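In the two assemblies presented below, chain A is common to both, partnered first by chain B and then by chain C.
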Partner chain A sequence: MDIGYYPGCALHGSSNDYEASVRVCMKALGVELNELEDWICCGASAAHCINKKLSTALPARNLGIAEKQNLKSLFAPCPMCSMELTKANEAIRSDEALRKEMSDIVETPVTGNVDVVNLIQVFQAVGYDAIAERATRKLENFKPACYYGCLLTRPPKVVKFDDPEEPTSMEELLQKLGAEPVEWNCKTVCCGGGLTLSDEEGVAAMTYRVLQNAIDSGANCVVVACPMCQVNLDMRQADAKKLGLTKDVPIFYLSDLVGLAVGCAAKDLDIERRYVSIPKDLK
Partner chain B sequence: MTKPNQDWSKRVEELAHTRLNDCYQCGKCTAGCPRADVMDLPPTRIMRAAQTGDILNAARATSIWRCLSCLTCTARCPKSVEVAGVIDALRQISIETNTFSDESLKVVGFQKAFLRNVRRNGRTNETEMATDFEARYFFRRFDVMNVVRLGLLAPKMLARGKMHFKLGSPVKDKELVKRIFDRCGVEL
Partner chain C sequence: MAKIGVFTCWCGENIARNVDVDKVSEAISKLPGVACSMNYKYMCSEPGQSLIASKIHELGLTGVVVASCSPHMHLKTFRKACETAGINSYLVEMANIREQCSWVHNDKEIATAKAIELIGMAVEKVRRNHALEPIKVPVTKRALVVGAGVAGIQAALDIAAGGVEVILVEREPSVGGKMAGLSETFPTLDCSQCILTPRMVEVGQHPNIKLMTYSEVDKVDGFVGNFKVTIRKKARYVDIAKCTGCGSCWNACPKKNKIPNSFDYNLGNRGAIYIPFPQAVPARPTIDADNCLRLQSMKNGKELCGICQKKCQTEAINFHDQDEFVEVEVGAIVVATGYQLYSIKKEQENPNIKGYAEYGYGKYPDVIDSLQFERIISASGPTGGEPKRPSDGKTPKTIVFIQCVGSRDNAKGITYCSKICCMYTAKHTMLFKHKVHDGAAHVFYMDIRSGGKMYDEFVRRAIEQDGAQYHRGRVSKIEQVNVDGEKKYRCYGADTLSGKPCVVDADMVVLAGAIMPSSGVQQLAQKLSVGYNEYGFLSESHPKLRPVETNAAGVFLCGACQGPKDIPETVAQASAAAGKALIMLSQPMLTREPEIANVDEKLCAACGACVKACPYQAISIEEIRDRKGNFIKNTSRVNPGLCMGCGTCVAVCPSKSVDLIGFTDDQVYAQVESLADVF
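On to the complex of A and B.
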């Protein structure tokens, strides 16, 4: 399988462990990633707060590059990127005036016909059964709480992915690979990551709520498909402990677990640099 | 700058792609909002203020900058109102009219620093961004605890090999990025 790839700034910055994990896992699954040429930042949470037009133009530039490279689908491992790209794509496709305006602003034609996908959707495209067939080991001992955070399922009308309140797509995949995902209540409860650097007490309380619910539901790890969720849930555990968090919870990317199942080495997946270290029986 | 209120309501509806009067004040957005307890105007009341044309007052609310853009309100609204979109529109208006509260200065400063960074580099450079944010904010209002906290955070990130002092793979056509910003009329 061949797919367009938009890493986004986070994966080329502090979340480069996610990029390593995604690349190694995709290689093992035979998915070829074609990185967009000279991609630019999608604007993240800042553009839509400050200037609506910019929040469409930055993703539009990347969509235009994808169209020029003839990429039918574009994989963005960061859900904030994939949501912003999807939103711009839909808006441009359904509004002729906007199509023209954006093509002018970003200096390349954009029609809005790229299929933007998140990490889970790439696994769905490969096929859960096909992944299970490639598995060389069962994910025994893994009792993950699958965490979708804010942007994988919201806004539902834009991303059109899974159930916005009770998503199950990560659980279904991990079950097939032998893990025992737990039932819990905070799958889509915001962890406060967006507040990093601006309201530390606020983040700690939100992180605590999510992680303690995972622990109380019997999870021995949390699985995410978002670089911001990973770094926030991982790095903030010291603060959450002050609020009563009862134990350390290792935070995996979904690509780590799929990678481990299909025989990738923990070292290649770059899971050693987490704040909360990964216990031996979960490697 | 003293346009009649009606113009502002229209502006919000255009920016947010939603009809303000669709909201029937059920309160579901506030019920699910993870930040409602620290908001002067929680989402339901933001919507009411916007409906009554009280846009500039709503844009002054501290809550619009305490909102995390988690989109829970938008996802759950039974009337399909783009609540988070309305908040974004109010944010944009508050910046254009310079009406944000002192307390919000820090968050606004952070978002602007982020975009300045993208405008300059095409992609974000995290170290440069933290420094810019620091400089802009701390010279105005000195907050010792936060300096200490950030000081503690940086070594933690370094230990994990997470802070990047070089631009990983720089954008080739940086001038194009600046042109995009200018055409959108972004003032930072």
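On to the complex of A and C.
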């Protein structure tokens, strides 16, 4: 399989461990990632709340590059990126005037016909059964709490992915790979990542709620598909402990677990560089 | 030579504000064959009608055009006035210059020009009209009522009291419907069963009512006054004529109290042979074939169990019972199929409707819907009326009630208000507080809609006297949590009046799910040729003026199959439907509009295109034979009793051998051509 790849700022910066994980995992699955040439910001962090035109133009430029490279689908591992790209894509496809305006602004034709996908959708495209067939080990000790956060399933009208409040697509995949995902309450509850710079106390409380519920529900790790969730849940555990968090919770990317299942080495997946270290039996 | 009178109405200001009526009269008076053209402020009033009558007498008019409102509004009025004045009522036409002109255009000049065109078209049509006589059809003096909830029971009793025989069909083993399962009713708090049970007994005993429970409408043929309905009596395995309802069978059933009882919305249990509730009518059991040991074993050629049959003193149990089809002839049909609650859980059958996975309904046993709560607080319910939560039987101290679950939520695909939830939720809080004095009832609502006699007072009582705590806002999520070893359901809500989040830890949550029409109602509607909306609610003929009639002549509606409604409204509508059915059945002959399809049998090639296209199954292929009985040809033929005059057959006929009397191609083309003159 051959898809376009838009890493976005996080995967080339603060969360470059996610990029390592994604690349190694995809390679093992035989998915070739074609990184967009000269990609720019997706508009997620600030543009979308201050300037509507800019918030469409930034992703539009990336979509235009994908179209120029003849890419039918574009994989953005960060849900903020995939949501912004999807939103712009839909808007451009359904509005002729906008299509023209955006093509003029980004100086390349954009039609809005690229299929933007998140990490789970790439696994779905490969096929859960096909992944299970490639698996070289069962994820036996893993009792993950699958965490979707705010943007993987929302806004439902834009992303049109799984049930917005009670998604199950990660659980279905991990079950096939031998893990035992737990039933828990906080799958789509905010981790507080959006307030990470402005309200540290607030973030700690939100992180605590999510992680403690995972522990109380019998999970021995949390699995995410978002660099922001990962860094927030991983890095804030010291603060959450002050609020009563009962133990350390390792935070995995979904690509880590799929990678481990299909035989990638923990070191190659770069799961060593986490705030909460990963116990031996979960490597 | 045509002498057509054209009478333009001002409709007060409704028409005259945007249409220059003098200019219209002036222009129309110049059309050939128009003998008089005048206008008047209220043509439908007594002086207006007299004006038309006097002109008919004075000028000997051969046709009349009234240019005013929609013919739905006043065609009958004007036809009657003209008939009284001596001309055939089908020589009267209306031009709609209100709904289709003055109300929708602002520019007076343009509206006036359009009014002239519309009236000109009507003049061309009426010039080609012929005198017609209404069709007369005989009428079978018997009615069918489908559904025996409170609506069907009331309709059946009223029709029966009018001296007409009624066949009352109910698909469940007992009559009573949803109301039989309710606790107490708003705004008087009288016990639902206490007020309904006497009526249930009455329909079971009334000499004019033939009750057919555990039966469904299978097929509907015929037409107004002359329906032939096939009813499927489902195999009950109990001969209710022999059975005395003694109870030996259901008390002996080895599956007793082991099968979820759908009457209790699966909160209580019953046996494989059961009566759904003690007050059931008929008080005769039914065997649930899917769960009966004997009936299941018979599939494998064995004969296990059979204890009920051995216990029965009257030999009423027959394990070889089969579905039976009964054909009945009726003149009128009343549909009273009621409602069900929208399924709140994540999985939905209808792709346009989404569930509330975030509320955990179906996952958490103590998150229940409002009909389940009715059973929990009903004296005849599985807990004997004691509020106990399903998971562990503990008495809940804090209950959260969430209104508008589905209703008015565009994100879930249901746009309408379910109308009764505000009232029954207030009632729920009261009944709960009356039973658990130190309990807390929290209600999350969007608006409190309590229009109705003594209704708002009732809600105020719940809040002010019984201390229900109302929070204006929605609940975004419900989580099961452990608080000091107690199982709680944490409801993350908002209070939009204080502008703050409002989180309540509840022992139990009651969801007021949206009201949806009963399952299977669309299929029934198709058999009856009755329309329904996107949600499956059946369509009345006119929301204000014909609220219990349908567009299928002889079929009437009442109760929640037409839209969400409470008991008082349902009963009123049921009596209305019964009245309409009685009026119809009291006629010696029924008259029908003569504007129906007519086949030119010489031209017809019997291709059958019209037969397939007809939405009312009114056309069939018939043989034409000479006097000696020799076959000449096939032709399609219209049953004048069934034809509704929609004209679909005219549009599809490839040989133009079918026409609509009163709306012939000739007339319609003349109308269109009259426009060409103007252009």
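The rule is simple: the second predicted complex is superposed on the first by the 283 of 283 C-alpha atoms of A that agree within 3 Å, B and C clash if a C-alpha of one lies under 4 Å from a C-alpha of the other, contacts with A are read in each partner's own complex, and residues count from 1 in each chain.
Rule of thumb we're sticking to: contacts are C-beta pairs under 8 Å (C-beta built on N, C-alpha and C of every residue); 3 or more make two chains touch, one makes a residue touch a chain.
Note that the structure is a prediction, hence the values are computed from the model and not measured.
Student: Per the contact definition in the header, classify A:N51: touching chain B only (first), chain C only (second), both, or neither.
Tutor: In the superposition, A:N51 touches chain B alone.
Student: If we overlay the two complexes on their shared chain A, which of chain B and chain C does A:N185 touch? Say first, second, both or neither.
Tutor: second
Student: With both structures placed on chain A, which of the two partners, chain B or chain C, ends up touching more residues of chain A?
Tutor: On the superposition, B touches more of the residues of chain A.
Student: Considering only touches as defined above, state whether A:D129 meets chain B (first), chain C (second), both or neither.
Tutor: It touches nothing on chain B or chain C.
Student: Quick check on the superposed pair: does A:E96 touch chain B, chain C, both, or neither? Answer first, second, both or neither.
Tutor: In the superposition, A:E96 touches no partner, neither chain B nor chain C.
Student: Of the two partner chains, chain B (first) and chain C (second), which one does A:E200 touch, if any: first, second, both, or neither?
Tutor: The first partner, chain B, only.
Student: Going by the contact rule set out at the top, does A:D216 touch chain B (first), chain C (second), both, or neither?
Tutor: Second partner only.
Student: Under the stated touch criterion, which partner chain does A:D163 make contact with: chain B (first), chain C (second), both, or neither?
Tutor: After superposition on chain A, A:D163 lies in contact with chain C alone.
Student: Which residues would you name on chain A as touching chain B in one complex and chain C in the other?
Tutor: The answer is residues 156, 189 of chain A.
Student: Chain C touches which residues of chain A in the complex?
Tutor: 156, 163, 165-166, 185-186, 189, 213, 216
Student: Inside the complex, what are the residues of chain A that reach chain B?
Tutor: 9, 12-16, 38-41, 43-54, 57-58, 61, 104-107, 150-151, 153-157, 164, 188-190, 192, 194-195, 197-200, 202, 206, 231, 235, 273-275
Student: In their complex, what parts of chain B are in touch with chain A?
Tutor: Answer in residue numbers: 15, 34-35, 38, 66, 68-72, 74-75, 80, 82, 84, 88-89, 91-92, 95, 106-107, 110-112, 114-115, 118, 122-126, 130, 133, 146, 149-150, 156-157, 160-164, 168-169, 171-173, 176-177, 179-181, 183-186, 188.
Student: Which residues of chain C touch chain A in their complex?
Tutor: Result: residues 346, 356-358, 411, 477, 479-482 of chain C touch chain A.
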